[in-house]
Amino acid sequence: MLRQRLVICSVVALVVSALVYALNVSTPTAVAQPDPGSRAGSSAQPGTALSSQDISLEQARAAVDAAVAKSREMNVKMNIAVVDAGGNLKGFARMDGAWLGSIDIAQKKAKTARYFDMPTGEVGKLSQPGKPLYMIEVSNQGLITFPGGVPIRTQGDVVIGAIGVSGSTVENDDAVARAGAGAVK
Amino acid sequence: MLRQRLVICSVVALVVSALVYALNVSTPTAVAQPDPGSRAGSSAQPGTALSSQDISLEQARAAVDAAVAKSREMNVKMNIAVVDAGGNLKGFARMDGAWLGSIDIAQKKAKTARYFDMPTGEVGKLSQPGKPLYMIEVSNQGLITFPGGVPIRTQGDVVIGAIGVSGSTVENDDAVARAGAGAVK
Amino acid sequence: MLRQRLVICSVVALVVSALVYALNVSTPTAVAQPDPGSRAGSSAQPGTALSSQDISLEQARAAVDAAVAKSREMNVKMNIAVVDAGGNLKGFARMDGAWLGSIDIAQKKAKTARYFDMPTGEVGKLSQPGKPLYMIEVSNQGLITFPGGVPIRTQGDVVIGAIGVSGSTVENDDAVARAGAGAVK
Amino acid sequence: MLRQRLVICSVVALVVSALVYALNVSTPTAVAQPDPGSRAGSSAQPGTALSSQDISLEQARAAVDAAVAKSREMNVKMNIAVVDAGGNLKGFARMDGAWLGSIDIAQKKAKTARYFDMPTGEVGKLSQPGKPLYMIEVSNQGLITFPGGVPIRTQGDVVIGAIGVSGSTVENDDAVARAGAGAVK
């Protein structure tokens, strides 16, 4: 019973916070979900399978390559991970001398960005003490909720995967991740 | 309204902390990465293996011995772990009567210090609520971000491993870890 | 009586397998360790750091690219992982349509090959029921001991990492892994 | 219910196999337990605490040092772990160039040897397919049941810890472990 209540409270809090958040945030990466018609996994008719889109290896590599190029330009050493629409690892590269601890963090950032279809830093704003998603990080075998993970979208705004970058300040991580995501059309 | 304020406060706190962080970070072990030339893993030519350095068992033992000697001098009972350049356990000693719970913590401290090439306490400053690396501890199958882990460097400033100490106050843990790391030249 | 027989049979089987094992092991990748001088991590003098070599990102990519090319040639869909000398992930690619369950297996194969500096299939021969390394798979948070993981060596025979491939039969996995490892000089 | 039955069956099988085993085996390291009076943890009177003995750091180091010396003599590269009477890590050393995968195995061997107060190879005889302890390896967060782990006893035959060695053939591992254990008086 207690667990049920907690789950219900949690869902309510999530919905409320999403609404509040939508009112306050006006960046293009807001929590508010886009038109359902433009998302992967929409179904035209009952009884038919969902039609979806997913990132290709070629696209994943383009994202990784763009992120590596951006990192070199910024003189930072990064771990770069790309996950597909299912949140599963698709591509990965660790630059020479990059932090070992960032192997896992880059992957968790990519996973987190796709699991909630928003930049990881947006989740992090809601997971601080006293905020609606406090301690969400312990779910899903570990989430990372600071900047550096961003969804990868098609031009039609369908999320087909995500990129996670770790190895420097969160500002640098985020900049490199956006450069990587931007390389996928 | 309250919730709106919390969200706004959170954003403000994040911005402020980022600024404070930007102003405070000036130690050589800061998040900002040092001169690439001074790090292990540099490659002279494309297509060739990286030339690197690693801690020897003899060096690991020198670190452990110095840490035990320092602990006795301070009248504390410690767990002491040393990892190599790859973050893998190289040496370990638990002093008689030292906390059992510190076996894992000492190892996680050493791992954390090597994974990010900085003292664990530096990571911890950035992982507090509202700070850029909040909840980083859930990554890498568990990190420890309070003091007591420090990188082990060659005289040429190449990180060849790290030492983690646990068994007393974090100040004492840190002092013993530094004594251990200092014994390696 | 039956149980006594089983125990005796087991002892006999163990002795026989040990003998068979002793007779069979003669490949260069056998359990018997090669000339110490040819391994990474040798130290010229006491008290100094070990001089070692590690795989570069460029080399890791060359291995992944060669593995992808070989997979296309064989008309199979693979997950390909490359780890460095410390056993930490360096590069990864999942071909379009490749098994999701092989993401983890490819990484565990690469880890296993580096952890014991031999092809995973060699470990697997020794981990069968009644063989010397029976159930070694439960160690190291999971090892994979069927073919598809091979060490990556320099021309000087120093192990600088390993590649793990998963997505088809173990024979195909192994062929692709060897093609990948062979691309690194 | 099924689970209860399985547990009961398992306990019965364990007792039966221990008896059978005691009849068949005549080595000094048999499963049959020695005189209770000679074991750690005996209690003279009801209501009083157990009087026990435990390995000291100095003893653990003597064991590790003897194992390293023996390894050098045999020209093998080993991981060596020592656990105390509680099965918790007390000392560890990885020789330069030793297998990374053996870090965990050496520790699991030491743990296994102390958890059952017998050499790991003895447990392994009983864990083969069709044998009473089949698949016991998945318990206790991973056991290793091939040779290389042996209990460390006082001259009064009290088990005060165990040593686990991994890095070569199981015969070599076992020989080095016995050399280590034999250095503790």
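Chains: A, B, C and D, in written order; residue numbering restarts at 1 for each.
Here, a residue touches a chain if its C-beta (ideal position, glycine included) is under 8 Å from a C-beta of that chain, and two chains touch if they have at least 3 such contacts.
The structure presented is a predicted model; accordingly, all values stated were derived computationally and were not measured.
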item: Whole-Å gap between the CA centroids of chain C and chain D; value: 28
item: Inter-centroid spacing, chain D versus chain A (mean Cα positions, whole Å); value: 46
item: Separation of chain A from chain C, taking each centre as the mean of its C-alpha atoms, in whole Å; value: 33
item: Sites on chain D at which at least two other chains make contact; value: 96, 100
item: Chain contact topology (line, ring, star, complete or other); value: other
item: Touching pairs - complete list by chain label; value: A-B, A-C, B-C, B-D, C-D
item: Of all residues in chain C, those that touch chain B in their complex; value: 41, 43, 46-56, 58-59, 62, 84-88, 154, 158, 160, 185
item: For the chain B and chain A complex, residues of the former touching the latter; value: 3-4, 6-8, 10-11, 13-14, 18, 31-33, 36, 39-43, 50, 86-87, 111-112, 114-117, 129-130, 132-136, 138-141, 143
item: Chain A residues touching chain B - in the complex, by the definition given at the top; value: 16-17, 20-21, 23-24, 75-77, 96-97, 99-102, 104-105, 108, 124-132, 135, 137-138, 142-147, 167-171
item: Of chain A, residues touching chain C in the complex; value: 56-57, 60-61, 68, 84, 86, 88-96, 100, 103
